[in-house]
Structure formats: C-alpha cells, structure tokens
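Structures for review follow.
Presented sequentially are two complexes of subunit A, the first with subunit B as partner and the second with subunit C.
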Partner chain A sequence: MRVRDPFEILAALNPVPRLSETSPQDDELLATIIAKAPSTTGKRRRHLWVAGGGAIAVVGLAAFAVFHQDSASSPLQLTCYTAAQQPPPEQFGIPMEGDPVKACKQLWRNGTIADAEPPTLTACVNDGGIVAVVPGDQKVCARLGFANWIGALTDDEVQMMAFADELAATFSEKCIIEPDATAAAQAVIDKYQLAGWTIVQQGGYTPQRACALAGAVPEQQLVVIASRRGAP
Partner chain B sequence: MKRLLGGLILATSVIIATPGAHAARTSAERTAGSAWFEDHWIDLTVSWEQATACDVQPDLTICYRTEATMIAELAAARTATAFTTLAACSTSLRLYDGTTYTGTVLNLSTRATVLNLSVYGFDNLTSSYKVGGCDPDFYSSANLGGSLYTGSTGAGSQAPSMLSGWNNVVSSVYIY
Partner chain C sequence: MTSRLVDDRTERFSDLFREFTPSVRGFVRTMVAACDVESVVQATFETAWAKLEAIPLLSQRAWLFGVARNHVRNHVRAERRRAFLVDAVGAQRPGELTSCPRGCVDLVEIAPLLAALQHLSTEELEVLQLVAWHEMEPAEVAVVLKISANNARVRIHRARKHLETLMQPELGEVDR
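For the complex of A and B:
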C-alpha cells in the first residue's frame, strides 16, 4: 500500500486548485526571505526604553521611600527620640511647636536629654501619626520605617491647635457638669466650623470627680469628655 | 514705633563686635559665661569667636554670627511660640516598660489633652511610673475610656509596680 505524504493529502483536499501550483517567483521570494536576517534594531530600542523606564521607576521609588514626606495626623503632640532606633530607649512627648526640631534641640541642650551639643536631628512622622524628632540625617526616617515630616504646620493644623487649646480652656476655667458638657463641647466645635466631628462621653463622675474635662483627638475627629479630678 | 521695638529687642540682647581667638568648650566645661554658638559652646568671658550678637536668656545664652541672623531667629522663635498649644508640665510623667523603673521610658509633659499611648508605641506597656510636677489620670482604654487607675498618681508620687490587674494595661493618660 502506498503511503501518501500528508501534505499531498491536504493539497488534494484544497478546493482552490491554483494554490498547489508553483511559480519561479515563489522560489525567489522564499530565497530572499531566508537570506534576510531578522531585524533586531526596533527590539533593541524597545529594550532600552524599558530598561530606562525601569531605572527611572526604581530611582523614583527609592527616593520616595527615603524622602517620602507626610504631615502628622495628630498635630497636638510631638516626641523627641533619644536614639535612632524603634522603639527608642527613651522618648519625650511634649506639646507640638512650630519648629519641632528646635523644640527637641532644647531638650538636648538643657539637660533633659543631655547637656551637650545636639546631634543632627530630623523630624519624621512615626507610625502613630505624630511628629517624632530623631537623631540622624534625612535618611533616618526611612530607616525606621517612618515618613519625613512635611516641614511646616499647615493652616488647618494651626487651626486644630487653636481649637484644642480653646476646648481645654473652656473646661478648665470653670466646672462644667455632665449634663452641660456635650453642649459646651459642641459650641467650640461649631465656633471652629469643624464638620464630621463626634463627641464621646466617657463618664466616671463621682462626688470627687463631679466636673467634666474635654480633649480633642484630631486623628479620629473626636472630642472626648470625661470626669476630672476635684469637686466644683 | 519700629525703632522702639528694635531697641527693645536689642535691649534684651548683648551685641558687641568681638574679634578674637577660638575658645570652644565642651558642655562639661560650661561656666556662667557659656553660650551656644552655631554648633558648640563658647565662653564669652574668653572669646566671642565669630559671634557678634547674643540673646541672653535666664537658662541659655545663644550667640549668632550677625545681628540680622539673631533678629531673624528670634522672630522665628516668636512665631513658633505662637503655634505652641497646650502647656507643658515642668517635670514629666515617666512611664516605664519594666517594673522597678526599668526598660524603655516614655516621658510625657503635655497637659490638658488626651494622650493615647499608642501614638508613642507605648500602648499596654506600663509596668512602673514616676509622676512629675502635675497630677495624671491613667485609663485602661484609649480616649480616656475603660477603667480609671486608682493607685497613687499625685504629683511627685511613684510606683515600682502597678496595682493588681494593671500591669501592661494603661492605654491613655490625661495630665492636669
């Protein structure tokens, strides 16, 4: 039995007879195609673009990681680290100031942290959302997994500090008892036109703790009211 | 009026042109005449180095290379002071991670605000404490919630360990 070439079988099935015909031009065309090496110029250029773009992206990501800047979610407090490690052996939580580095430098100079020349200090934003001033240069924040602090208080943050100040003063100047506390806090919120803030009453009132205190928690948009020491 | 104000600023400062030899001193050598100049201490009784203007404060004297620099720095300091919000207690509350005042330490001095210890990475860590010049309240939950610590926390008090059930429990603090 004759074994037929599969290509012959396929050719026999072809409904277009002219497809099985060959011409001298076909051989020429085939020879030209085989002789011509495939062009790699476009591919190489494309590789260069990809490599260049990748390098730029890597450098950009590295710069972002090292010098990523952020503002504090709680602008009322800052902390001064005594060492560039997380957690630090000792830290000092103090009220926020316009220049946190300067505020911490003061602690390094006046004997609170040291009585010596302050090292280079850098303001970061720690993972708790407050400004942490850490010994070290601009890279120290990224090394500890923090962002660099944006460098200045925003108008909103300054406004928030004023709000917290007024809230605390309102409740410390006189004895505000529990039934009046929410309204007193709401009045300060309204004065500063803060939208979306809530008030939480923590209770704890006793004859020895009959008056209320109030404090702002900016990162939660919350005003906390609790009992405070002392009788009216 | 501006001239008067300028005069007042200068009146609180001592401004003298003083060429002279270097007299850098270490902090250990600080004397009554010590002043901070740029990045080191100098002894004004010996030499002002390149400083030409000094701001004399009760606890610290800072000198500057030029009068203009000093005025600019003092103006910046006044602006920063204007930003300062809640007052600080003169001596801090010290919270310790370990009993008998050991381990890592968190010093707190911000008064009249809610101090959530989680923002300092110190939530549920307090095992002993020393109170500074201002009375604090300790709470078992954030935002002055949960239970109120009933141990002694008056100004100047201290405890090498917490009351029963309170070890590694404090989550928020309020300083009066």
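For the complex of A and C:
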C-alpha cells in the first residue's frame, strides 16, 4: 500500500486558516497598545520603556508623550543609552527619580541592559530635551551633540513627579469606573493644589475594559483618562 | 522632527499589527486555551511595540511568532502545549475540509497520524507545525525558535523522520 507522506497529511489538516482571523476588537486593541508605555516593570508604577533610534518619551499613555526639541529638559523622563551613539541601538526609559546616573547603573547591573558592572556613565540632555545617561566620560555629551546635564531637580519638578506618580497609582491600584474617574483625578489635582489643569476623558470603555487609568501631561497641564482592562 | 519620528513609528507598528494579527492569533490558538488567546496576542504586540526597531523587516511574522511562543512558554507547560497542538489536528475533521489545497485527507489517515503525534515531543510538534501549517522556511523557523538556520534544518529533518517512523507500522511504505 502506497500512502502519502505523513507530513503532507499533517499539512492538509492545517487548522490555522480557520483560526487566523481578525477580531472586531482589533482596532481597540491596537489603540490600547499604542496608548501604553511599551513595557512596565518595578513595584508600584515604575514605567520602563525601550526603544531604538529616535528619542521617544512615554509616561503611561501615548497622549502623555511630550516632545520638546527646544526645551532644556523634560524633568519626568530619563533614558539610559546602551551605547554612546545617537540614535543608540537601544535605550531604556524610566521615570526620573533622583540621581539619573545611579538609576541607569541599576539597569546595567540588574540584567535589563547587562549583567555586569556598568562602564563610566554620564548624564546628558539629548536633542529631545530628555536626560540621557550615556556610556562615556564627561566629553561624551558634546561628542553626541548633547549638553551635559547639570543640577538637581527643582522643588516644582519634584512635586510634579510625585503628582504624576500618585495619579497613576490611584488608578492602577484599584478599578475606578468611568463615572468616578474625573472626580478621582480631580481629588489628586486638588491634593497637590494644582490650578488650571484640565481633565480629558478618552472613553473606550467596554465590559472587559471597565476600569480607568490616568496620566499627567505637565507641559499642557492636562490629565488624560482612558479605559484599561479590568472590571470592578 | 521628533514628533514625525513618533508618527512614523506608530504608523509602522499599525501596519505590522494589521498585517500580522490574524496569523499570530492563528498561531497562538494552536497553543493555548481559547480564553487565553487574546491576552497572549496582546502581550505579543506589546512586546513588538516596545521593540519595534529590533524586528527584522524580512522575517516580521517569524519574529512575532517567536515572541508569542515565549509568552506562551511562560504560562503554559510544554505537555499542555503539546496537547493543544494535537487537539488542533484532531479538531480538523475531513468533513470540515471544504477545499483541500494540500490534498484532502481520508478519515483513515487521521487516526494513525493523531496516534503518531502523541509520541512526538513538544519541540518536534512545534517545528512540524511551523513548516506544515505556517509554511515557514528553515530560516524563519530559526527566527521563531531563536536557533541557527542549520540547527532548524536539522530539527525539521529529524521531526519529519520521527513522524514517518512512528507511522511506518500503520501505513507501510511512504510515498515520496
């Protein structure tokens, strides 16, 4: 008895075509992914984003990405370059929390960038106005066309970081539903005594995405609220 | 200028998402329970969004499959993944094959194949799945499995041989 190659039988029984389909929710899923920081790590709300190439800053929602070519710095953001190149082969973004060199050293040590002791690192301000910690000595900033980063954060910047962190934490630690979201955001704004801020609801709520998340755009004095996966 | 970079990045990702979501979903559905499919698909494209610049332009689908496979491996034990793959074959009954681009299958051919698949390792099943169902070349299989192309060729060859051997007692000489 001559029969077919079993591999051909397997190929003929291919179930993939009937399993490969688009979903009515795909557009929403795409928007959700683009609106999120590329990845998250850490305990509370410590956003880590990874990118190669151009300077990209993400706080938590795409709407929160703020770019200032003319600005001296974007105080909430810090990016750790993996090489002294512009653009770097890869960069890791984290919130600015104190000493930027120390923060990036941690990524070199904990396996995020490497598992070894970091090389000499220097904090620069890149052409996107973001603090970039680059491998190299103090001359590396100028070599890449950046300015050397100087100074600690101002009190206002420290307060803004605390506000942004608390806002995000308020919405990530429990499910706040749409009708309550604006009031919850306003409560955090009031707590930090911020005047002139606007709250924007992006919507997109579904039974599967019934909870809200929020993030701040300090440069525009804006709080953006969007849906996230979860139910009360 | 920076904003334009971001727009370009978003556009590139959107194109990638629209082109490959169905095939990634099809791939994932053969490895996990239906209720877990969408979370794996989402995790896969979140990784792609984060590492967009690292995705090789000539093997985007294979790269995405590799990421999806990693997400699945983190949550589903190998034995369970193997069971899903075999179930996916078993679920494809001849009566459902309204068109047969690779040749229609007789009912008598399915039972021995299913029996043989039960004896393949998860790794062998994965390799055969990628080649037989997703029509991947060894170089693409290499990207999915994060191995060399030569290693992929060897694995494909061995898996096919093992499948043939397992089916020899049932089907006799294989027609090439």
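Here is the rule we go by: the second predicted complex is superposed on the first by the 150 of 232 C-alpha atoms of A that agree within 3 Å, B and C clash if a C-alpha of one lies under 4 Å from a C-alpha of the other, contacts with A are read in each partner's own complex, and residues count from 1 in each chain.
We adopt the following convention: contacts are C-beta pairs under 8 Å (C-beta built on N, C-alpha and C of every residue); 3 or more make two chains touch, one makes a residue touch a chain.
No experiment lies behind these values; they were computed from the predicted model shown.
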{"item": "Subunit B versus subunit C as contact partner of A:Phe92, first or second or both or neither", "value": "first"}
{"item": "Which of subunit B and subunit C A:Ile199 touches, first, second, both or neither", "value": "neither"}
{"item": "Touching partner for A:Ala216 - first (subunit B), second (subunit C), both, neither", "value": "first"}
{"item": "Touching partner for A:Ser172 - first (subunit B), second (subunit C), both, neither", "value": "first"}
{"item": "First (subunit B), second (subunit C), both or neither touched by A:Ala142", "value": "neither"}
{"item": "First (subunit B), second (subunit C), both or neither touched by A:Arg228", "value": "first"}
{"item": "Common interface residues of subunit A - those touching subunit B in one complex and subunit C in the other", "value": "90, 127-128"}
{"item": "Complex contacts: residues of subunit C adjacent to subunit A", "value": "1-3, 5-6, 9-10, 13-14, 17-18, 21-23, 25-27, 29-30, 38, 41-42, 45-47, 49-54, 88-89, 91-92, 96-97, 100, 102-105, 109-110, 113, 116-117, 128, 131-134, 160, 163-164, 166-167, 171-176"}
{"item": "Parts of subunit A lying in touch with subunit B, wherever the complex brings them together", "value": "74, 76-77, 79, 86-99, 102-103, 106, 109-110, 114-117, 126-130, 153, 158, 161-162, 164-165, 168, 172, 200, 202, 204, 213, 215-217, 219-220, 222, 224, 226, 228-229"}
{"item": "Contacting residues of subunit A [partner subunit C, same complex]", "value": "1-23, 25-26, 29-30, 32-34, 36, 38-39, 49-56, 62, 65, 67, 69, 90, 127-128"}
{"item": "Subunit A partner contacts - residues on subunit B that touch it in the complex", "value": "26-28, 30, 36, 39-41, 59-60, 76-77, 79-88, 92, 104-110, 112-116, 118-122, 135, 137, 143-145, 148, 174, 176"}
